[in-house]
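Below are structures written as structure tokens.
In what comes next, subunit A is part of two complexes: it sits with subunit B in the first one and with subunit C in the second one.
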Partner chain A sequence: MRREVPLVLTAMVGITMIIAHFIPPFNILKDLFEDWFFIIAAFAIYLGISNLILVNGDKIYKKQKGWPFGLVVILGFLVMTVIGLFFSGGTSFQDPGTPFYYLYMNVYYPLSATMFALLAFFVASASYRAFRARNVEATMLLLAAFILMVGRVPIGYWFSDWLGDALGKLADWIMDFPQTAGQRAIMIGIALGVVSSALRVILGLERTYTSGE
Partner chain B sequence: MVGAEDVTNPVAESTKGIQTPPAPPTNVTAKDIPNDKGGAVTISWGKSADDGSGAKNVTKYEILRSTKRDEGYEVIGNTVAGATSFSDNAAENKVLYFYKIKVLSPTGTAESLPSASTFAKRQWFNLSRLSLFILSLVIGFAILYFIERAKSEKGLFIRRIAGLEAVDDAVGRATEMGRKIIFVPGIMDMDSMQTIAAVTILGRVAKLAAEYEAKLEVPVCTSLVMVTCREVVKEAYLNAGRPDVYNDKMVYYVTNDQFAYAAALDGLFLRERPAAVFLQGQFYAESLILAETANSVGAIQIAGTAMPTQLPFFVAACDYTLIGEELFAASAYLSKDPKLLGSLKGQDVGKFIFLLVILIGAVFLTLNSVLGLNLPNLGRLF
Partner chain C sequence: MDEMTNREKKTLWENLLSIDRRIIFIFIAIAISLPLFFKTSLKMPVSPVVQGVYNAIESLPAGSKVLISFDFDPGSMPELQPMAESFFRHCFRNNLKVIIMGLWPQGPIQANIALDKVFRELKEEEKAVKVPQYGIDYVNLGFTAGNEVVIDRMGHDFQESYPADARGTPLSEIPLMQGVRNYDNVDLIINLSAGYPGTQEWVQYAVDVFHVKLVAGNTAVQAPSMYPYVQTGQLTGVLGGMKGGAEYELALNRPAKAVSYMFSQAVAHVVICLFIIIGNIAFFTMRKRKT
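Here is the complex of A and B:
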């Protein structure tokens, strides 16, 4: 029963979602199932929070490797929760002027932006490795990348202006034809993979997610 | 129907006496939203001549509705200045409605003339998805047919997928080095097929880790994924005959936030210096941050995603990458179950259909262009 019930529920919900995609009146059920998912996910957040506190609390208590990071996690969680719940000044906690908003804009937001900004450096280091001309494919990648990068910046236009912006046009051609064709081939494969996987899940052939073999 | 000349609408009124009201919206039309479950009407209008600038600049539009043309109008919603349409999602099916748009500005308000009557109705089939429906049926039946056929067919061929072949090596490497294996199942919830595919691969990795007694750690981004991964890992250790090695703390929740998750994992990679990192599932901008950090600590990396925008990053930064459909083929590949392999063969039929349609479509368009023919554009079918 522990495995059969989830499989039956999955099949029922999966088939309903497919039908609802083509038969609009079934959207009522689709919306209902989606609401249920969000309700379950909302309740499940408490599992996550309790796990976060248990794992990091245990790490701090046992002074395990990296325990100060666990302390930062728990303090950060408590500060944001307490301020969001009890120091919102009688207004919605996300409103400008509230302590929560202040922390969000002055702590959380810059930290997130910092992580995102790291991408600039990582793109450079990954590109350096990927563009090394070790074989024919990597050399082609290097050439295409060079044309694209130079063709998309003003200096590229300046270099190839006397050729009628040949680099820019070549860069556009690479993006419009080989790149689009390759990307679409991957996307068709992905779409078919999703259809096939979904059918396997609905039919109960794929059951690892229910901890079945 | 209200024309552009109706800006001097007789129903325009000023709320401040001597001030001039703004010009009312024009051409108000209301139509049932097609191919839906009913209960919805879309209202469109031409912007007020005062929308955009000036002393009478419009602040917002209010949408009014009535079942009678000349009276009983009630406000059912509003939109910001500049908007030219609104969806009334609270209409009753088969009830005739008239709509008016009221424009508000600092100098007063003005109402448009009413729209022609319209009513919402339910459609029993979404005709805009007919071609998709037929294609889904064909591909779905092909997959089911090959699944059924595979039950009696032995030795179905599946091409080698380097990323999945490398799973054993990665786990073995971690065992030999005495370092951890870190499995990251993407940043999305269990409603993503990519997360489900990632969990399938986790089952295999966990089983190998249990057999080799390698240390496995699964930091996750959502609570439901945590619960699912925990069950899968526990079952894998049980199947490997090592339930004693399993510990609930192997799978733990970090945060739902994308960059906080990336920061936590980066720290984990740098502190623990894992021997193997699996990045499987749905990733966004954090993909390269994770892959490059894991690369910097010398971990062998096996990535897999169906996000076309993130694939180049994984290909550049990781040792092996499961590209798109390979991620979904993982369960069939790893289990070698004939029924699952049969579903892959069904997928190939789908690919053949797409290839055929693309080829015929390209030939038709070329003939249209070169010979001036009028052959159908197959691209419009989908």
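Here is the complex of A and C:
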């Protein structure tokens, strides 16, 4: 039963959603399943919170390596939750001027943006090491990267303005044609893979979500 | 003497090939931060994909309803926040009604940040400009969990995904939402996206199923994957990264943050190109020595 019930549910919901796309009267069932999905998605938030507290709490209790960071995580979570729920004007907690907004702008935003900004340095370092003209394909990649890096910033326009913005137009051509063709091929491949995986899950051939049985 | 010189030259090229990445980090840090202290006026043409976004909004008559979905977090703020501010400037300048929503939890508050900035600008302007009123000129529906299911359900009825706005006011009590039932009552959808769920889901579930008109602003990493949708007409236009945002500001004749940040980006790109050239010279020199 533990294995069969999830498989039957998955097959039933999956087949209904496919049929509903083509036969409109099945939309009543589709809407019902989507309502259930909304409820499950909302409960997933509580699952995430519980997991966060359990994992970091355990780390703090057992004084495992890096436990002070677990304390920071839980404290940060508690501060934002308490301030947002009780000290920020109720449902208007996201409006400018509230303590929650202040913490978001002055703590969460700078930290989050900084983490993402680090990528710029690693991209530069990786580009230096990876873009070597070792063979024909690598040389073509290198040239394309060069044209795009220069052509898609104003400096490219300055360099080639006297040539009718040749660099910029070349960069746009690379984006519009070779790049788009490659993207389209990847998207079609991914779509076929998604159809295949979805069918395997619906037909019960893929069972990793049932505790790997 | 010649052997010593050759050993020294060999060491230099080997050192360049295995340069400490912290040296590269320092150069990049200087390249990005120093230009921020200079004010420059940049010229760049507006590309067709960005012009498509501008024309889509400019062509809407006053009073048209625009749905803007904020699907990004502070990590993508440098690229997408200037676009959000420009979209608001454009919409309010043309007296369009704006319905804000988010598929990411941080989305609605990102919208509030952009609105706060734009409203302060409007108040500081010398001409008496009407500041948009909540509930009449714009509304923030907030965040709903559910990803693409939210997009699909809104195609039938907004109230199925958003029974109330972000402040808890039922949609039936908001003047702007009177007569807005689903996508048929919205003239344009604008999506600001940094990942999943994002523009791809809006194309698959809103454009392909309900045939809405959609324009997007994406991060530079995500924008290339939207070009197939622009070519097929599923996307009317796309702003790609900071350059797209800068072009849009120039099209609006309102240069702002994105234009000022482009100088930093340009210098950083040049520095990376120089490093790549140096690396390849070192690579070929070493290869020649070995043969």
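Everything that follows uses one rule, which is that the second predicted complex is superposed on the first by the 190 of 213 C-alpha atoms of A that agree within 3 Å, B and C clash if a C-alpha of one lies under 4 Å from a C-alpha of the other, contacts with A are read in each partner's own complex, and residues count from 1 in each chain.
Simple rule for what comes next: contacts are C-beta pairs under 8 Å (C-beta built on N, C-alpha and C of every residue); 3 or more make two chains touch, one makes a residue touch a chain.
Given the structure is predicted, the values throughout are model-derived calculations rather than measurements.
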Room on subunit A for both subunit B and subunit C (clash or fit): clash
Touched partner set for A:165, first subunit B, second subunit C, both or neither: second
Partner chain in contact with A:154 - subunit B first, subunit C second, else both or neither: second
Which superposed partner A:187 touches (first subunit B, second subunit C, both, neither): both
Which superposed partner A:129 touches (first subunit B, second subunit C, both, neither): both
Contacts of A:205 with subunit B and subunit C, given as first, second, both or neither: first
First (subunit B), second (subunit C), both or neither touched by A:197: first
A:41 touches, of subunit B and subunit C: first, second, both or neither? both
First, second, both or neither for A:179, with subunit B first and subunit C second: second
First (subunit B), second (subunit C), both or neither touched by A:3: neither
Superposed model, subunit B segment overlapping subunit C, candidates 19-27, 73-81, 109-117 or 253-261: 73-81
Common interface residues of subunit A - those touching subunit B in one complex and subunit C in the other: 37, 41, 44-45, 112, 115-116, 125, 127, 129, 183, 187
Residues of subunit A that touch subunit B when the two form their complex: 18, 21-28, 37, 40-41, 44-49, 51-52, 55, 58, 65-66, 69, 73, 111-112, 115-116, 118-119, 122-123, 125-127, 129-130, 183, 186-190, 192-201, 203, 205-206, 208-213
Complex contact set, residues of subunit C against subunit A: 19, 21, 24-25, 27-29, 32, 42-45, 47, 73-78, 108-109, 112-113, 116, 140, 142, 144-147, 149, 152-153, 156, 160, 166-168, 224-225, 227-228, 231, 243, 262-263, 265-266, 268-273, 275-276, 279-280, 283-284
For the subunit B and subunit A complex, residues of the former touching the latter: 35-38, 122-126, 129, 132-133, 136, 139-140, 143-144, 147, 189-191, 193, 196-197, 199-200, 203, 222-224, 226-228, 231-232, 234-235, 239, 249, 252-260, 262-264, 267, 271, 285-286, 288-289, 291-293, 306, 308, 311, 313, 315-317, 323-325, 327-329, 331, 335, 337, 339-340, 343-344, 346-347, 350-351, 354
Partner subunit C, residues of subunit A touching it in the complex: 31, 34, 37-38, 41-42, 44-45, 90-92, 94-96, 101, 104-105, 108-109, 112-113, 115-117, 120-121, 124-125, 127-129, 131-134, 142, 145-146, 149-150, 152-155, 157-158, 161, 165, 168, 172, 175-176, 179-180, 183-184, 187
